[in-house]
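Structure first, commentary second.
To keep things simple, chains are lettered A, B, C and D as they appear, and every chain counts its residues starting from 1.
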Amino acid sequence: MTLSRRLAAEALGTAFLLAAIVGSGIMAARLSGANEGVALLVNTLVTGLALMTLILTFAPGSGAHFNPVVTLLEVWQGKMPWHDVPSYIAAQLIGACAGVAAVDVMFGLPVFSAATQVKSDWPLLWSEFIATFGLIGVIVGCSRRRPAATPFAVAAYIVAACWFTSSSSFANPAATLARAMSNTFTGIRPADVLGFVAAQIMGASCAAVVFDWMFPLAGKLDLQAESAAVADAGNEMAS
Amino acid sequence: MTLSRRLAAEALGTAFLLAAIVGSGIMAARLSGANEGVALLVNTLVTGLALMTLILTFAPGSGAHFNPVVTLLEVWQGKMPWHDVPSYIAAQLIGACAGVAAVDVMFGLPVFSAATQVKSDWPLLWSEFIATFGLIGVIVGCSRRRPAATPFAVAAYIVAACWFTSSSSFANPAATLARAMSNTFTGIRPADVLGFVAAQIMGASCAAVVFDWMFPLAGKLDLQAESAAVADAGNEMAS
Amino acid sequence: MTLSRRLAAEALGTAFLLAAIVGSGIMAARLSGANEGVALLVNTLVTGLALMTLILTFAPGSGAHFNPVVTLLEVWQGKMPWHDVPSYIAAQLIGACAGVAAVDVMFGLPVFSAATQVKSDWPLLWSEFIATFGLIGVIVGCSRRRPAATPFAVAAYIVAACWFTSSSSFANPAATLARAMSNTFTGIRPADVLGFVAAQIMGASCAAVVFDWMFPLAGKLDLQAESAAVADAGNEMAS
Amino acid sequence: MTLSRRLAAEALGTAFLLAAIVGSGIMAARLSGANEGVALLVNTLVTGLALMTLILTFAPGSGAHFNPVVTLLEVWQGKMPWHDVPSYIAAQLIGACAGVAAVDVMFGLPVFSAATQVKSDWPLLWSEFIATFGLIGVIVGCSRRRPAATPFAVAAYIVAACWFTSSSSFANPAATLARAMSNTFTGIRPADVLGFVAAQIMGASCAAVVFDWMFPLAGKLDLQAESAAVADAGNEMAS
């Protein structure tokens, strides 16, 4: 895969992920009216199903990070070179904003509008720390021990975490920023983005250390060997 | 597989798919009363589960397209000869109408009746363009890189897309036409069918070009070799 | 597997299946009150999940039929000798009744009571015909072409069929009889059992002929070879 | 895997499991208001999805028991030495309480508080006996005949059993104790914990005997050989 193909995959995948999160939130809030429980159930199931299908589709392309902390994790593990990080994160941010814009147009809303949901107190930051800690744990554990299950495990984790955390588990700096740009069901006030992102980075860092210890690799990875292994896994599922 | 077996598989599969879409819409609307959110949740989950099981069952037979734009995509990719297109599309249309008729009879409704839901403004056409773009993207990406996951990825995509698009993601000309023939929960006014189909064809065409570039095949396909590979994949899952 | 182990597996599996169907119906109807849509959603999802897990658990034991028409199908296909049929069907009926009794006790209800739901007009019999036709189609298609997917495809089919048919898809004579014995959410009036069973047998017979033609086996099966193949498939998944 | 890594995996996994159970109960009860059916649907789906992803993540580490009766089952089957039991159960109890505390803080509740739901009559104990009997049956059957399916089968069983049993299927002594420590949607009065645990141990014991007979192993296991086999299964999925 050339870098241009990988960046296109990362941008398109993140665009569809944010479209799924924000669009299903709009639709669910419109249809379910007073019952916010049904609306969040729909919103989280759709997010999980979209994430599963997007990882299955784009992982053989770009790795299907869709999330800056996952990109940083991959680099830290030696699976990807540092110099790809800025372009990956740019692709994720551009994709995330494009996805939000695309659904706002579908639903006849302004392309962008600042969200107003206040999400700022300490329990929510603690919640976001735990949510991201768990996400990175699932990614490290599954991708090291049974990578074929990763798309299903990550999607199931996200659905669950949206419900067992009080912040409803953003766990993704690119998604957090983009969700601040649509004043709909899944929004977050722009002023609260920075705190969420900080909690996410701390949760991810702690998880990287803990799960790297828990599921040790035989040694530091050789980039070429790892790429070959990833390609093999893709081929195996594809055969 | 002889052509008669493949056409029978395609017609039966499309019939059950439309029965699932239209029938679950009727049942859900009856039982859920005022809460349209619950009705659409049921309708979309049932559609996704039916699609998954029908692809698993019929793909080793006909390829399980159930959708004219998927048939055209397969031909464009060189996986199927052009001269099979008319009979495939005819089988899909006949199956789709038969499926709608079968459930209308089950629920004591007229066999056919023109739907009345107006679905005609630009945001809905944009929504339908994006919905079909994503569907074809998932099909191309998964079938080229990990075909065993295709039934699950396609089904999950459709459930998600029904919620994150404002048109609720028809993404299938045969289904669009058949849904115009039952004036129930999942209907579309006959006058609006043409616009939807045009948007679907444009979305599918763009996706074919983008994803063909993103996930390149080693070269243009040799029909015989591909058929053998598909048969092998089927055998592998079946062993 | 000895016959006694297979009969015990068949009885226990059918008991848990009926417990899941009837028990979740009782619980859902109690909790969801006025919203029958939510109650049926829960009841059908639970039935599907239970069926999936019971097939995964018991198929390597008894084949996990849990259903007289499936047992007859297996015999007709040459996968099982005729002389095992009476004991299989007896095990299914005993298991089904025991499952219903077990949940009625859990919920503080009479062990058995005649259900009162009238299910007798022609559209419902047509619905039951189609529901069983589809079930047998999924079983024949998947078990001949990709058996590893059968537990998932069958479970997904049943959830979908409960919604797209007006009879809510009993599709199982043993379950139909047992559901007549608990006057709760999932009941059927004893007088209507016979009609449902007749429709099921006709639907299953038609499907057996159609799908046997659609997915041809190389020849009539040799019982020993088939048993070995089934054991291999089990071992493969188990390895 | 060293014992310290296995105990950390067991504690972390049980913590996330209880966080999912209790946290999603709190969130669902807050959002769904009067409709207890929707709240329990969310609570059980989240529990199942969390259990699936946690087994996928942690099983290659500690075996992913998260449940004292499962630990005892593994020892009884010869898959694990007796002298690891106390530390495993301690890790599970500590993890379970930590998970409850973590979500109580997220939602701005007291870290611990005694639950008040009365769960003490005979039908509930019978229900808990059956729930645990089935859980152990699924674990023994799947892990002996098709271990790769175990995470999915166990998770699906738990979702189903929460609905078809009147006790809503605790089936886990560590979870039962921890759920007594948060006076929220999923609680149980501390005085009723002992009865539930007794019923669970009896159900598990019966199931161990029945399913050990139904799915015989070739002989009593050699600990070293089994460990190698488990590692191989992990590697196979991971490749």
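To be clear about the criterion, contacts are C-beta pairs under 8 Å (C-beta built on N, C-alpha and C of every residue); 3 or more make two chains touch, one makes a residue touch a chain.
All values reported here derive from a predicted model rather than from experimental measurement.
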Smallest number of touch links from subunit A to reach subunit C? 2
How many degrees of rotation carry the C-alpha atoms of subunit A onto those of subunit D, rounded to the nearest 5? 90
Please flag the chain sitting at the greatest distance from subunit C, going by CA centroids. A
Taking all residue numbers at the subunit C to subunit D contact, is the shared part over half or under half, that is, same or different? different
So, what's the distance in Å between the C-alpha centres of subunit C and subunit B? 28
Subunit D, residues touching no fewer than two other chains: 35, 38, 41
Indicate which of the five shapes (line, ring, star, complete, other) describes how the chains touch one another. ring
Applying that definition of touch, give me each pair of chains that meets it. A-B, A-D, B-C, C-D
Residues of subunit C that touch subunit D when the two form their complex: 5, 8-9, 12, 16, 19-24, 27-28, 31-33, 35, 38-39, 41-42, 45-46, 49-50, 52-53, 56-58, 60-61, 102-103, 105-108, 151, 234, 237-239
Which positions of subunit A touch subunit D when the two form their complex? 35-38, 40-41, 48, 123-124, 126-127, 130, 134, 137-138, 141-142, 144-149, 152-154, 156-157, 159-160, 163-167, 210, 213-215, 232-233, 236
